[in-house]
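Heads up, there are several structures right after this.
Look at the two complexes coming up: subunit A is in both, with subunit B in one and subunit C in the other.
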Partner chain A sequence: MNVVFCISALVVKELYRRKDFYVVFVLTALITLMMGSISFFNDSSMARYLKELCLFLVWVSLLFISVGAAARQLPAEREQRTIFPLLAKPVSRWQLIFGKFLGCWWSTGLALMSFYVFFVILSGTREHEWPLASYLQAATLHWVLLGIIIAMVMLGSLVFAAPSSNATISVVSIVGLMFLARYLNKIALQQPEPLSSLIYALYFIIPHLEFFDVRDLIIHHRAAIPWWAWSVAVVYGLAYVAMFLGATWLIFRKKRLST
Partner chain B sequence: MNSSEDHVAARVRFGLLVGVFACATAASWVQPRLEVLSSSYSGNRSVSEVILGDFRQLMANQFMLKADEYFHSGYYPSIFDQPKNKSGVMSEEIRADERSAFSKPEGKDDHHGHDDHHEGVHEEHEEADFLGKPRDFIEAFGRHFFASTHSHLESEQEIKELLPWLKLAAEMDSTRPDAFVLTSYWLRKELRKVDEAEAFLRQGWRINPNSVEIMLELAKLLEADRKDEERAHNLYEAALTKWMRQHPHPTEADYEDTIVEQLLGRIARIEEKKGNYVRAELLLGKLLPLSPAKSEISEQIAALRAKIKAIPAPK
Partner chain C sequence: MEPIIEFQNLRVEYPGADRRTAVKVAVDGLNLAIQPGEVFGFLGPNGAGKTSTMNVLLGFVPPTGGMARLFGNDVSLPISRQRIGYLPEMTYYYKFLSAEELLRFYGKIFGIPSAVLEKRIDDVLKLVEMQDARKKLIKTYSKGMQQRVGLAQALINNPDLLILDEPTSGLDPVGRMKVREIIQRLKHEGKTVFFSSHELGEVETVCDRVGIMHQGKLRVEGKVADLVQEHGLNLEHIFLKMIGYQHSLAA
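Coming up: the complex of A and B.
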């Protein structure tokens, strides 16, 4: 396991040396603060539109950071041929994959923590309310979602030819899953057989990423999710992470590394 | 040495003078042309109008929906949930509230109207249960993660949260009277910001001079908040005349938006106050087939007839 942690620490270092996170963080903070300075009808105490905007920017930023980071991990090692000395250490292929995944997940977790600290301070100072349990649930579910995304993109990096195509296809799929997965059962019921059964089967198979998006609940001051439901969602998300990583390993163990 | 330096300095001064004249000439030539160019390019339009074009209308629609979504604290149907109507349940609720105000001045309690309002809201609540029973365990479980129960914004601080979206909608598409009317409604009735509501309505009226909805809302503001019944009366009359002109042969669908109902009811009430019972009775007679509160209006007509009869005939 030490090997895995060493690889993941290297990935974390690599990612915090890059400027992506700092740029998007500063941009998010600037846009949010600028929008927060606007007064509507001589009143500047509205907070929900600001929370919505801030969370939207956080989600978009973290989506691109995680997809960008995960998409280039394995292809970069192969292109620079650093994968050969790495595997000769000896490091097994599953350790390499798991280490890369953990590195990306931790680094996006650090970014997520920075964003949420900013968000909590912003909403707390505007609304004078601190529903910390809800914020904790939102942040952890978001982090689990990022885990699924990273595992999915790492699988894509072995399936698709280039990191750019992998990133594009992954972003389109993730956005599609976020917006459509919840409604696939309704769409299925409106279709003729056998299409209806096919879509319904797909509905049960695909990861329901909408479970991890609880922005509406915190924007509109809804009650916190029951902890049992939160726990089930976390386990559900981790199961998909394991599935994607397992599939990545299955492909990677037979993959020829020379380009 | 000195004379040659003076010579150079004189040349530099001459050059600078020529330069200044050249710049002034160029500026006087360029400036009017730039003005013409910029007016032909954007006219009186804002930068966002020039950049976004017709996309602004789509955005305005989206912002109105967003305000409606906020009104229901995030409990809102998606395109897959088939919403009941396009105008939004927030507008329906306001209409129910306005309907209840036909036979009473704004701000005064009216038991019957109050019940009507709640009946309307109750029906709307039943309609608003768009989710129905979950179809499978994933859907049932997923309802823990989004706003899946119906609730409304209630406190003053919560109502404020609608305003950014309504203002943005009005700015994106200033030809939509509903954005101005809804904003004014919340500003004056819930937040008691009458000055802001009036300024915003007048801004909307300048852009949409033919909007009966805006005239009606402005008249309500004058009557209820400014206590200026005379000006409100004039504006109601002007709005009714405009509505008649816009609908020379009104159909049933034209009456469905309740504008004419509200105008007739409000003018009738003011006429009655002024002692013009005959005109008040005439207006209530027109209102009777349109209003859901038929029994109440019939009673008012009967009372007016009694008052007309009680007037001594001129000698």
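Coming up: the complex of A and C.
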């Protein structure tokens, strides 16, 4: 694991030196603070709208940070040919993939933590409530979701020709999975065979990213979900991460190193 | 004594771009063994199969046929690369790191303990005369400086085998002399060096043995003095003869 941790630490260093995160964070913070400073008709429920908006911005920011980071990892190594001196060391291809994944996941985890700390302070100071269990569940499930996204985008980086096309296709797919996947079973019921069975199969194969979206818990002050359900969702997410990384390795082990 | 590098009937093929394009044979039945402490010059014109051979040796490309071993281990195993240092022809390093950070990263990959690694970083930076620029980012370095960082990273694990791909390409005369000095020094320390080069004078100066590749085959191999005596020609003319330029030589 030493090699994997070295590579992941390198990814974290690269990402914090690129400064993408700071720009996105400052923009999110500024927009949220500006919205938070406005009072509409002394409406006390404004805080809820503000939280919803802030969380939406956090989700969008982290989606772009994670897709952007993951999409360029392997292509950049191959294009800039830094992969040659690296793989000339005792480093296997799966260690490279896993190290790159972990680096992106930790980086987005740090970004997520910063965003949520900012969010908790902002909403706590306005509502004077601190439902920490709900925040913890929302943040951890969000982090697992980012893991699935990063693994999926890394797989895409070996399938699609350019990082930009991979990033675009990935974002469209992720948004589609988030908002449409949950309805596939209902659509299947309305279709004739064999289309119905095919859509049903697709419903069970694709990752259901909506399982990881528990923003409503903290926006509408709902009770935290049972911890067993939270654990099942985490295991479900990690299983998809493993599948995507496995597929990435299967393609990458036969791939030519230069582009 | 077990050879440090061993190729047995090595064959490397690249598939054509489409079904109508023929398969390209880059290396065809290479048999070669490099003994510990040898400095071996791997020569050949562009497209001769030198880089493909090196790519197999470093695990970048799987052999189509035959076998390649490093320190007795199959080259597909990462452990076979634990005791080697590799200097690529061009400088391919992380531009967002400083020389010191790059060496620390590679040193940690080799599992070198921190205290030993810091001493080693100091030593190799001193050897390549890069102490003053050690904290500057690599993206600010000149090509010569990047090449010297490349040499430093190749030496960070105190390797028993150094694989150098065109080590002096792009260097000024002082830089070339420095690289030659380092190779000589490693030779005196009993290290094995396997390097490809187009600089025949340089090869003649530092190598114990040379091999000349052409069209994927090893045309000739032996000690420089023996080859010169056997062919009655200097190394440059032997090289030209082996790649089929004897007519132009006679003219």
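The rule is simple: the second predicted complex is superposed on the first by the 255 of 259 C-alpha atoms of A that agree within 3 Å, B and C clash if a C-alpha of one lies under 4 Å from a C-alpha of the other, contacts with A are read in each partner's own complex, and residues count from 1 in each chain.
To be clear about the criterion, a contact is a pair of C-beta atoms (placed from the backbone, for glycine too) under 8 Å apart; a residue touches a chain by one contact, two chains touch by 3 or more.
Please read all numbers here as calculations on a predicted model, not as lab measurements.
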{"item": "Joint occupancy of subunit A by subunit B and subunit C, clash or fit", "value": "fit"}
{"item": "Partner chain in contact with A:A229 - subunit B first, subunit C second, else both or neither", "value": "first"}
{"item": "Partner contacting more residues of subunit A (subunit B vs subunit C)", "value": "B"}
{"item": "Which superposed partner A:R126 touches (first subunit B, second subunit C, both, neither)", "value": "neither"}
{"item": "Which superposed partner A:L217 touches (first subunit B, second subunit C, both, neither)", "value": "first"}
{"item": "Subunit B versus subunit C as contact partner of A:R78, first or second or both or neither", "value": "neither"}
{"item": "Touching partner for A:R182 - first (subunit B), second (subunit C), both, neither", "value": "first"}
{"item": "Which of subunit B and subunit C A:R48 touches, first, second, both or neither", "value": "first"}
{"item": "After superposition on chain A, the shortest CA separation from subunit B to subunit C (Å)", "value": "41"}
{"item": "Touching both subunit C and subunit B, counted on subunit A across the two superposed complexes", "value": "none"}
{"item": "Interface residues, subunit B side, partner subunit A - complex", "value": "70, 73-74, 78, 80-81, 135-136, 138-139, 141-142, 144-147, 157, 160-161, 163-165, 167, 187, 193, 196, 200"}
{"item": "Subunit B contact footprint on subunit A (complex, rising order)", "value": "38, 40-43, 45-49, 141, 182-183, 185-187, 189, 203-204, 208, 210-214, 216-217, 219-222, 225-226, 229, 232-233"}
{"item": "Complex contacts: residues of subunit A adjacent to subunit C", "value": "2-3, 6-7, 9-10, 13-14, 17-18, 80-92, 95, 256-257"}
{"item": "Touch list for subunit C against partner subunit A, complex", "value": "58-61, 78-79, 81-82, 84, 86, 88, 90, 92-97, 101, 105-106, 108-111, 150, 153, 163"}
